[in-house]
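The structure follows.
The first chain written gets the first letter, and so on, giving A, B, C and D; residue counts start at 1 in each chain.
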Amino acid sequence: MSTFGKLFRVTTYGESHCASVGAIIDGCPPGLELSAQDIQTQLSRRRPGQSDLTTPRNEKDLVHLQSGLEMGVTLGTPIALLVKNEDQRPHDYTETDLYPRPSHADYTYLEKYGIKASSGGGRSSARETIGRVAAGAIAEKYLKIAYGIEIVAFVSSVGKIHLPSTLAPPSLTPINADENDDEVQDALSKEFVDLLSNITRDEVDKLTTRCPHPETSEKMTQRIIRAKNAQDSIGGTVTCVIRNVPAGLGEPVFDKFEAELAHAMLSIPATKAFEIGSGFRGTEVPGSKHNDAFVSDDSGRLRTTTNWSGGIQGGITNGEHIYFRIGFKSPATISQAQQTAQYDGTPGTLAARGRHDPCVVPRAVPIVEAMAAIVVMDQLLAQNARKTAASLLPPITTLPPTMVIPKKK
Amino acid sequence: MSTFGKLFRVTTYGESHCASVGAIIDGCPPGLELSAQDIQTQLSRRRPGQSDLTTPRNEKDLVHLQSGLEMGVTLGTPIALLVKNEDQRPHDYTETDLYPRPSHADYTYLEKYGIKASSGGGRSSARETIGRVAAGAIAEKYLKIAYGIEIVAFVSSVGKIHLPSTLAPPSLTPINADENDDEVQDALSKEFVDLLSNITRDEVDKLTTRCPHPETSEKMTQRIIRAKNAQDSIGGTVTCVIRNVPAGLGEPVFDKFEAELAHAMLSIPATKAFEIGSGFRGTEVPGSKHNDAFVSDDSGRLRTTTNWSGGIQGGITNGEHIYFRIGFKSPATISQAQQTAQYDGTPGTLAARGRHDPCVVPRAVPIVEAMAAIVVMDQLLAQNARKTAASLLPPITTLPPTMVIPKKK
Amino acid sequence: MSTFGKLFRVTTYGESHCASVGAIIDGCPPGLELSAQDIQTQLSRRRPGQSDLTTPRNEKDLVHLQSGLEMGVTLGTPIALLVKNEDQRPHDYTETDLYPRPSHADYTYLEKYGIKASSGGGRSSARETIGRVAAGAIAEKYLKIAYGIEIVAFVSSVGKIHLPSTLAPPSLTPINADENDDEVQDALSKEFVDLLSNITRDEVDKLTTRCPHPETSEKMTQRIIRAKNAQDSIGGTVTCVIRNVPAGLGEPVFDKFEAELAHAMLSIPATKAFEIGSGFRGTEVPGSKHNDAFVSDDSGRLRTTTNWSGGIQGGITNGEHIYFRIGFKSPATISQAQQTAQYDGTPGTLAARGRHDPCVVPRAVPIVEAMAAIVVMDQLLAQNARKTAASLLPPITTLPPTMVIPKKK
Amino acid sequence: MSTFGKLFRVTTYGESHCASVGAIIDGCPPGLELSAQDIQTQLSRRRPGQSDLTTPRNEKDLVHLQSGLEMGVTLGTPIALLVKNEDQRPHDYTETDLYPRPSHADYTYLEKYGIKASSGGGRSSARETIGRVAAGAIAEKYLKIAYGIEIVAFVSSVGKIHLPSTLAPPSLTPINADENDDEVQDALSKEFVDLLSNITRDEVDKLTTRCPHPETSEKMTQRIIRAKNAQDSIGGTVTCVIRNVPAGLGEPVFDKFEAELAHAMLSIPATKAFEIGSGFRGTEVPGSKHNDAFVSDDSGRLRTTTNWSGGIQGGITNGEHIYFRIGFKSPATISQAQQTAQYDGTPGTLAARGRHDPCVVPRAVPIVEAMAAIVVMDQLLAQNARKTAASLLPPITTLPPTMVIPKKK
């Protein structure tokens, strides 16, 4: 349904052509300074019309805060916000509308609900993600202030154009490679680790593709333009890093950190794949090379020398960078003629009208960041509840040293 | 936490060395014939000691049903079940226990809870999945009877040993392939489609690897034995197909079918990656080739000519085969000596005692099937609630034809 | 938090002085004809300024539908709606604001959140119930069409002014009555049963008190005016009946029908008490007289000859009228001077400014109806999910006759 | 369904004649010393056969802990526990079984599930409450250690036998009393306040009725024996006090403290009524007398001079004693012959076999305490999550004094 999160809960509403889209965010900590601008920044990064790589509709997407704040400070009560839809009138239907768009949600929404919006994507439209991005911006504001948490996503591939392998997340060896060759990379490349450690949103936004490597970005741009010119579309991947998350987040056994993250990411339109840390690649690297050995840092805290785990072990954060990659399929709506069938089974040719994003990944970046922020926030609140409760109990002195946290050397 | 599902709810309990592990399954439809044997079959497929590829511990894992049934029929009340742990005594701790196992959950459990089980995996042990497998067996029994739904998982890779590409799920082109080459495969291979359509558990179980291709299976066996001999471990992937799921399941926008599935799969120990349908590969195939065109079948029902979507569009099932792949990392527990640090930061060498699975994917097969069954069951109940409610409303005659299900031609 | 319901979910937002109050209603069945007017009718019954018994603020409370509908028909997607607050500016604070109002939520909100709205009730304001009433109106529309369900609440007492005992719900014998006298009423009075069976909202609204007995209503009016003139306040009770609910609703063991109903009712501001069916009175009537004997009706369906149970047995509806009573305390905000203390502990005298409802029960009537409708709707969807699932199983022929529904004679 | 709580979650299972009854308790803080005896104490207070006032079945009800603990300390993982049913064989059915017991759950369970247990109460049996009592005992152990919270319930009435009015919770004026008489009690009686402040479980258990006033207890005993001898039954009320709960618990607007409490209490078998603080009585006392004025205590903390509110204002605890009363109807199962109908509609006479509690309130005492403990625990965890989160934000210096907690004088 339309609510995500248990303690930090986001409920979104809205279709592509109704009066407005928006969300109620429940469970935001009280006492947080928050302005519409904090939210608008991310909404504007999500907005169409930012470059010639995205759909030319130029919606302003101004956020209107309705509740939950006074004098720019959160009250702890639900924060409602909305963004008006500029085009609220469903268009007159034409023959085009008699076709469920192949690989779009038209057919399945009708099968599910027995009724569907007459125009556009209805509820399956990407406009729904406005509520998510706004909620994520609120979570991020808190996480940054309270924990210094930083969340940065970027485009890691468009079609077959990938970041150079030194900068890319671990990736599956192609099928039919030398199957018995264990001479695998035994750590993430230093360049990739540096990228995870240092990348900022400003850098990501320097290029319209949101790929932080200019040469690759240029190739991606050409690839997207090629798709656009062919009235076609192309997919891509987004990689995201979350820095400075404290150890201990994640709620085994079903609400493990990566399980919640996968849930959140696969709920974004057009996503088909998710991997965390070494991901599919981690299936090929023998345990002896894949295991992240521990070492004590200057403060006596255990750190790992490598981070194939992507910051998560046993479903719980270990304090290292959390990184993951999401696959977005090529958009379903294309202007090219397609041989398909109408709702009633009549075969025919569909040529979708209107203008569409030939590639969604640049605009997906703030959506990925938002969903990541919401997951971190919700898991932090759950762990805080437990940790605060446990801290009120007297220490137990009779347990063997293998059961309790030892004194640091 | 330890509950999964909203209407069909599974709550598991148990650590590796406590009295028993088990689950409460709430929301099972009343009137279902169910025996311990229905559950035992899947538990035995999960059990260690089935072949020399898995850990030699031979636990019997007999299920004891506690409630929710009378005369072999479900009452609609919670079904509790348990499997006794044979080794309930935590062992005396040794120096080994002073080390958090690299890439295992030891460190993070301690960071999260401030206390951890003295022996074995505790709650992070794969024994926890017994409750899941049992719950899944119950869901499956219902799904098979009521809908003819079939769920079959199999091992699709071990290390770099993959099923032949004609039999494998779509897979990402290697980085640095010819980036502008659009001459992509424009449909799933016929062999893979046949495999999805016909594979049975009996066939899967013929080979101890649970890979249904004898030649590949043999290579996998060798690969696992190599890992075992090297006191090392190796990962792999499991592919799963769900057949005969009705169209309309999935609860947008946050509880889309694939989002719930990803959540369920990434909650299984050692998983790092998930892809559905074309997955990461779908990011490379242009929309014009990736789109699944519609065609009317003999009964007038819309079907797709290809199935890159993996049976899901817009987060909702479309009636085609649902298929997905999960990546399991190489097991963290290995007997090989590892340079690492103790909990207190002291550097040293850890050589884990005991016997461990060098590769978990053969045993992961029934766990994947179980979590898939639980997701389908939960989503079916949600859709039934909606559909039954909507069916009681009078038809609305004033809506334009683009908003309602048309008469079939 | 601010969400109620599992399958039919209402999330409300808004404080007394923010931009708007409203709700998102998720899970409404698709295909329901719905207009703003359907909602406005109940909002207007809730609105202040309807008579001289309520606060003279005359807010228009016009509902603005945002999403979830097209051409006046629900899409099955979340329905968002809002009502603008006319007075959005917090007033300049005065000495009055230094006092937490006795028995109001000022102190506890501050303790809970560490911050509170500067003016009025903030989130604890009765304006929050606008979202509930709107959601309830939607639920009711469905319930009426699909099941003929009718929900009618009325004022059953104001202060000590009660409906005549023949018309009142069962009521506790006063303490110190003849303790061993078992000569109790052995059924609900015929007049009360008739009232439950026939009362309509039109009748309830004929009198401004919303008490359906003119003589009692007149006394109540005088009682309220007396409170008003004394700058004081008075409480009362609301009784509600739900007719035509099918047997089988309620989700034991924790989400029994009456448990959900009690939860819903006790979440309404100013409520302190709830009883269903015979309520506290049922503690005094011996089982032999309290038990509702069964009898077969013309259609062969089992009915009860009496209805002390209030339509619920074992937490599940039995098809009889569901009736319950809720106690609303006397409003906390009064203009009369009160000896109390400021937030910082300084003792002093508080005389609240502004105009306040001397008695809330007449306006509480639509709120009670709304929460009742939401509970019925949510429970219906849950039972539909189960029942539809069970109906797909083959009948089991081997069960003894005491375990299954027999053929009717 | 069978799970209660969000962060401290109890899932129960079991019918009257299955293998065992029990529960999984998820979310217990780690590091709590806990023994089977901590739980057994309350189970034994709930057990039948404690006196000649209850059913003579003498079940031992020994608890078996399954998981979640090691060396007597909680691990933070789910705690599973079970109590074996001694009589697991359903009896041979007789003519009696052809009758749904009037006012029992037989008929509604069959309507709901289409199948029901062949013997006894099945899932509606009070044996289900064993899981609740065990869970409550765990919550209590934590609450006592961490906060000094004390929860004590006692029997306040049996039939018409009530505690003397000075010791009883506020009670509704009888209908037809002098309606305009405002000369109401303007505070709780000192004796009642003393009782709430000082009553202990030891005192409650001194008398088999669990009524702490010997004279009243003696009358209650006679009343119960009279019911027993008449093969009849009688109801009663239980009053409960929770002491030392910190201010700030309760989650408006739907999960207010009293709403959760009402939900919890009305989920206990045989309950029909709930009131908190002044309850129904609070509807009669004018605001000017009902309002609990504030005063600063020695530590500068605000306290209330009276406590009509029952420790809750605006749905949030204010730090005063929380007290509430629950009505339990007369048990439905009686041995006396009843004119009623069989499942198939055939009229006839039912005389229930076996031995039954003529009055359940003495045994209900630990069940009420348990559900109260579970609610407090769950709400504490939620508030801890919020409070810890808010504490990490920098103070905001620009807010007016009416919005923030002032310095104490």
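The criterion applied here is as follows: a contact is a pair of C-beta atoms (placed from the backbone, for glycine too) under 8 Å apart; a residue touches a chain by one contact, two chains touch by 3 or more.
Not measured: the values here are computed from a predicted model.
Common neighbours of chain B and chain C, listed by label, are A, D. Centroid distances from chain B, each centroid being the mean of CA atoms, peak for C.
Computed from the mean C-alpha positions, the centre of chain A lies at a distance of 41 Å from the centre of chain C.
The distance from the centre of chain A to the centre of chain B, each centre being the mean of the chain's C-alpha atoms, comes to 23 Å.
Centroids of chain A and chain D (each the mean of its C-alpha atoms) stand 44 Å apart. For chain A, the set of residues touching two or more other chains reads 1-3, 12, 27, 30-31, 70-71, 73, 76-77, 112-118, 123, 252, 386-387, 390, 396, 399-400, 403.
Interface residues of chain A, counted against chain D in their complex, comprise 6-7, 27, 29-33, 70-71, 73, 76-77, 142, 145-147, 252, 380-382, 384-390, 392-396, 398-400, 403.
Of all the residues in chain B, the ones that touch chain D in their complex are 1-3, 9, 11-15, 17-22, 24, 26-27, 30-31, 64-71, 73-80, 82, 90, 112-118, 122-123.
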